[in-house]
Amino acid sequence: MAEAQGGRSLVVDAVTHRYPSGALAVENINLDIKGGEIIALLGPSGCGKTTLLRIIAGFIAQTQGRIIIGDDIVDALPPNKRAVGIVFQNYALFPHLSISENVAYGLAARGVDKTSRQREAQRLLELVQLPTMAERLPRRLSGGQQQRVALARALAIKPSILLLDEPFAALDKNLRLDMQIEVKRLQRVSGITTLIVTHDQEEALSMADRVAVLSHGKLEQFGSPSDVYDRPQTLFVNTFVGSTNRMPGVVVSADRTAAKVRLDAGAEIIARPAAGSLTEGARVTVCIRPEHLQFVGDASGFAGVVGMSLPLGATVVHEVTTADGSGVKVSQARIGETRALASGAAVRLAPLAPSLANAFPATL
Amino acid sequence: QARPLVFATFTGSWEEAHKAVLVPAFRKANADAAIVLDPMLSVDQIAKINAAKANPPIDVMLHDPGPALVAIGQDLAEPYPVEKSAHYKDLIAEAQEPMGPAPFFQVVGLTYNPEAIKTPPTSWADLWKPEFKGRVGITNLNSTLGTGWLVEIAKMRGGSEANVDPGFKALEELKPNLAAVAANPGALATLFQQGQIDISPGNFNAIQILKARGVPVEFVAPKEGAIAFKTTIHIVKNSPNRELAFKLIEAALTPEVQTTLMNPPYLIVPTNSKVTMGGEIARVLAKDTAELKQKFVFQDWKKINEQRSAWIERFNREIKI
Amino acid sequence: MSGRKRTLEALSFEFVMTVIAVIALVIIIAPSLVVLIVSFTSGFSLKFPPPGYSLRWYAELWNAWQLHFAAKNSLVVALWATGLSVILGVAAALAISRSRTLSVRLLDSLFMSPLVLPALAFGLAALMLFSLVGLPVSPLTLVIGHTVVCVPYVVRNTVAALAQLEPTLLESSAVLGASRLYTFRRILLPLIRPGIIAGAFIAFMSSFDNVPVSLFLRDAATDMLPIRMWQDLEGKLDVTIAALSGVLIIATVALVAVMERVTGLSRRLTN
Amino acid sequence: MGAAPASRDVTSYGMGLAAPLALFFLLFFVAPLLQLLWLSLHNDTAGLHWGLGQYLHFLTDPFSLGVLGSTLLLGAEVTAVCLLLGFPIAWLYQRVGPKLQTIIILIVLLPLLTSVVVRTFAWIVILGRQGIVNATLQSLGIIDTPLKLLYTQFGVVIALAQVQMPLMTLPLITALGRIDPNLDDASCSLGAGSWRTFFRIVLPLSLPGVIAGCTLTYAAAITAFITQSLIGGGQMLFMPMYLYQQASTLQNWPFAAAISIIFLLAVLAVVSVFTTLGRLSRGYGGA
Amino acid sequence: MAEAQGGRSLVVDAVTHRYPSGALAVENINLDIKGGEIIALLGPSGCGKTTLLRIIAGFIAQTQGRIIIGDDIVDALPPNKRAVGIVFQNYALFPHLSISENVAYGLAARGVDKTSRQREAQRLLELVQLPTMAERLPRRLSGGQQQRVALARALAIKPSILLLDEPFAALDKNLRLDMQIEVKRLQRVSGITTLIVTHDQEEALSMADRVAVLSHGKLEQFGSPSDVYDRPQTLFVNTFVGSTNRMPGVVVSADRTAAKVRLDAGAEIIARPAAGSLTEGARVTVCIRPEHLQFVGDASGFAGVVGMSLPLGATVVHEVTTADGSGVKVSQARIGETRALASGAAVRLAPLAPSLANAFPATL
């Protein structure tokens, strides 16, 4: 199994897992991942991301379903036979072994002789740009360096799949960005199929070829970052990824690709029916992102009164109270001090474009 | 009264006998006065009193002849107020010790388990028989039993009270047979009870309670002669409970107590001349004091004491099994 | 363990470890059970299995006035030693818990040293000192000696409880206007109480069970239960001691159950 | 508590609170030990003549050295048995659910809190000629005469191991609990089997606990007077009994004091070796 | 002291603190805070924020300098006499006391009788919208609810200053926003002078009237959010608040308000001299935020080659490599899928406006 090479496909086939305690952690998950892809598993805390990852790695035997790597069903294989590399959130470096011993550990376990595994460890440390740290103990490395060692260690066994569980959660913002780029670079070099677990949507959107959004153990959407951001299939995806305004309304007319909705806030707008067609007269929730709303001079949009305006660095967020009393956020790029809206000013708002509003059937 | 009367008795059957007979008699006669028994070897009693001569933790001590000499020599005993005593004059002559009367006699012979050993042993030498491999028990030299026995063994092999080397040699040869070295004579009884040993030198009276309980154990006097010695009881010097101590000793000297202790299950040889020996004692040991003196071996404890601590030391070093 | 895949190699490992662990657990628990069973024997010896069952030795226990006397002494001494240990130990724990200076570390190891040093040597030393200053062996000397060996348990458990206490709770209390005493009474003490109780409990048990110190500092008039039991065992292996052991085992089980409820004893001792 | 900067820290209490206990220890712990030392430096029983006679006596006497040696050996044997048996318990503890965990802890704890005399007594019952072991073996026909188990080194080691096992197991449970479970998984995902993971990862990382447990077990085993004397019987002599005999039976206080000091130093030496190892292993184990 | 009312001023006067260990945690900090202001103390981990807060609260006696609340120098007062309210990051609710006992604690410590303090506790719980939780124990509340109880407890003693140490760090993103708004609302209602410690720049910018930026124990800048974001006085402030591109260059000409800089990347641009005037010929670092760069069609800006383009939800970030080999990030609002830049495309970049670039003297 040590011969397994990067780039094998991974299929998660109708996997369900219930913990002995009775908690249904993941439910009927299907993912079809091509060799060499980077996939992000995105979802709020407790949605089952780690569970799914541990099933793929073999630490947990799923209750139902199959895991297929390349052409092999691996369900019967224990973790040490699956040729899956894993990087844990806290890195899980062996604290009593030197960096090079850590990296060479998997090779030692496979009985590779000392000189070859040292050579290989050195090669990997060069790959992650830490060639001079080989003899140090892990605790003498910074968080980012430890992260890279963990990566090198996972790559040393030439896994066919690389799993990363919240790999950057413990890093500070700047280091995090560096590491994201680093991982992406290594992944491109090795071509290895990679699964990244994260609850950080920016991370998911920026790193992954495709994003799988989970909620309460169920797969909500599996698609490209722009699919997920722009064409969310569920209300959950729309609110969890990016921020959004939820505006209630009633369908005036609808076909497969567009619906005219009368908002309770007062205007009629065109929205994209997110999940199939909508029936006329049905109540819907329309989601419009703050950056997709604009102030309009004419009477086209709906009316509102400006509350607080919060400058948030690159953007200004205005809180606007609409006619039906609900609050709407509008975000605008903040270029210098060009914009200044008085609190209490009456304004009108409209979406930037019709395709930017999504309509979902109202749930209670 | 600062504390209860502390009576240092011996462990095992002695403690049981005193607990069952002497202490109740004493308490009955003295309005339920508080008393505790502190069972320990004579040597330990002496050590404890020595450690706090001015305020001794023990009020009444019980000694075999060797330690009695030591205790008196170290000025630990109060002279017995003979003139006040009602029973002192009734004691046989040998028991009338002014530094502390002897309420009892002890007899040491061979004890064995008749279920395991069908033919009763007849001689100290039987302990060395190969058939008793791993079944013999002895006690260490801290006890009178152990020391007295060693002296007898030495004599058997040509030694004497002054020369126990042959005894130690014999001990060396006994090693394969030894199952246990008890810390005190009381423990020997326990070893019989648990089936750890089947034969040992032992006190006649020590096994009687066991016997009464149905534990198979018998006493036999070896043909070399059983060892006999008197046990004396003393008021400790500087005792804060002198009066009660006296009362306790008086109780021990009464014919009633001595008679009860002479009868089963205790079978302790009495020293009050008003008590006539009878029953088992008369059958197995002696009909009266005169026969006792003539039948049994009395050892020279003055001589023994001169070297005893050296022997103890030597024993502790050499007998490790 | 939710069904991790197992290979033969993994199974062999788990089998070996589990088997040894179970054997070890049996070795730990079996003796107490055996004593408990033997204590109900109808016979005179500690034969196992007993020839028959009866409560006679427990009845015998009822009349064992020497054991009663020793038990009462042990109880009194243990209560005093525990009380003294709690007062001295909790105060000291408060002082040393938040500081890591050299002097504090030295104090800490001083307070803990009775745990590792042979208590027998300390017992002898204490006896020598007391006899030097003319303090006769008495319940007082016992209480003092026991306190020395019991204090570490109180200090250790209290320090552990204090370490788990969020310091910001005390700061919150202070900014809310509470004086030190008020904070101590309303916040600190209630929050570390389980730790103190656990420490006191262990201190009590170890005093009640102490042999090496009592050996030198007791005498017949202040007889202590474990010594009495020891001497009885050495002198005459009678079954009354088994009955007494039965009583002690059951009492301990009950006490531990209560303590587990009150203080979460088991978690305290593994953290 | 005025404005003095020192009293600002509302989370710590003054060192003064440690004073009563410190004083108590000075009077009743340090002073006795010093007195012990003082007495041990006298050649005569009365304590009048200074000298190293007692120590010379001990250190040149093969018998005394033998007692010391066999005591230290006993401690090592007991510690080894405890480690061998205690580690799997700690391992099992980490693997089972919370309910079983509590049960395991209570099983481990109970003997610790049961009187040591009772625990030792239990072994007399078990190891005796009519005890459970001999009875079982005899009824199975494996032996026909009872084995001698009591009053043997084997008996003492087994009984002590049981009596001291909690002291080993508790620190081990703590130490294993501190090991990041991900390390186990990491090792596994890197292809290592269970045995390899155990010896290469779990065992080295639990060294601090192993050492803490060994220290406690060792110190307790060699000073366990009761068990040594009851299971060992009259003929096996270890330091505590030797000390007790010299002090109590023979009233040779200066020599007993010297034995105590030598015993103390031996324990201290062993403890500090362990502590040093512990410090090294902690450096080794991270954290 | 219980009579102290909201809205008192707070002066931090030349405060320096050195820990006994020798660490110089804060150095000569001066803050002059008006009654009723919200101030954010912003800075990276370890810069001394908590230390300064603890000095104000009285937990630490500063080595030098004075703290003045209203008209009183409070240096001699212990924490329980300062009438300062504090909310800790972990809330520090008393776990063994019920919610209402927690809130009433400060009043009880002052000897207020039972009925009045219960009434007051109930009033405060209503203020923080938790009137029905009074009898619960803290651990039965969610993180956000605990946070509000901590606030109510701090307000119960009618403090003259409210201190919040990283109050929202433990909350997840959505709850965090809610709590920020809640705190702002309460602060407006009570008018209490408030100091919030945070390392989150968005939080600081959105909540505070003025922001104090600290670095290594020193005050880098103290000004309004837009001052700090748009007119950073130091390079540190510019890079720590918001993200920025650092481009080296040489001053061509300069006066007090504007400097012409030739960038090593190839263009001449106008930048604001951040700290006083710059001398001609001096090397400078010019900071331009990614959202302040634009792609230009003409030859006005500097040239570069597009590398990766990462869609980050509302924005797209393009990585552009300039002529001198350094990387520059350009961020653009991402409206639907309108923008798509091929990797490897040659582009030209220029600042949106001159005032949006800041020039700092180059430090090695």
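Should a chain be cited, it is by its letter among A, B, C, D and E, assigned in written order, with residues numbered from 1 in that chain.
One rule holds in what follows: a residue touches a chain if its C-beta (ideal position, glycine included) is under 8 Å from a C-beta of that chain, and two chains touch if they have at least 3 such contacts.
The structure presented is a predicted model; accordingly, all values stated were derived computationally and were not measured.
Peer 1: Would you mind checking the shortest number of contact hops between subunit A and subunit D?
Peer 2: Contact-graph shortest path, subunit A to subunit D, evaluates to 1.
Peer 1: Please identify each chain that touches subunit D as well as subunit E.
Peer 2: Expected: A, C.
Peer 1: Does B-C or C-D have more contacting C-beta pairs?
Peer 2: C-D
Peer 1: Averaging over Cα atoms per chain, report the distance between subunit C and subunit D in Å.
Peer 2: Taking the mean C-alpha position of each chain, the two centres sit 15 Å apart.
Peer 1: How many Å are there between the centre of subunit A and the centre of subunit E, using C-alpha atoms for each centre?
Peer 2: Their C-alpha centroids are separated by 27 Å.
Peer 1: In whole angstrom, what separates the CA-based centres of subunit A and subunit B?
Peer 2: 90
Peer 1: Centroid from C-alpha atoms only, then distance subunit C to subunit E, rounded to Å. What do you get?
Peer 2: 53
Peer 1: Touching at least two other chains at once: which residues of subunit E meet that condition?
Peer 2: 58-59, 78-80 - these are the residues of subunit E that touch more than one other chain.
Peer 1: Mind pulling the residue numbers of subunit C that touch at least two other chains?
Peer 2: Residues 7, 10, 45-46, 127, 171, 173-174, 234, 237 of subunit C touch two or more partner chains.
Peer 1: For subunit D, jot down the residues that touch at least 2 other chains.
Peer 2: Residues 1, 9-10, 124, 128, 130, 193, 229, 248.
Peer 1: Which residues of subunit A touch subunit E once you look at their complex with the stated criterion?
Peer 2: 44-45, 172, 184, 201-202, 205-206, 225-226, 229-230, 241-242, 289, 291-292, 308, 310-314, 317, 331, 333, 335-337, 352-353, 355-356
Peer 1: Show me the residue ranges of subunit D that touch subunit B in the complex, using the header's touch definition.
Peer 2: 63, 124, 128-130, 146, 148, 150-151, 229, 233-237, 245, 248-251
Peer 1: Looking at the complex, which residues from subunit D come into contact with subunit E?
Peer 2: It comes out as residues 1-3, 5, 7-10.
Peer 1: Taking the touch rule as given, give the residues of subunit C at its contact with subunit E in the complex, in rising order.
Peer 2: Residue list for subunit C touching subunit E: 166, 168-169, 171-179, 182, 186-187, 190-191.
Peer 1: So in the complex, the part of subunit B that touches subunit C is made up of which residues?
Peer 2: 3-4, 6-8, 11-12, 15-16, 19, 36-40, 48, 51-52, 55, 57-58, 183-184, 186-187, 189-190, 193-195, 213-215
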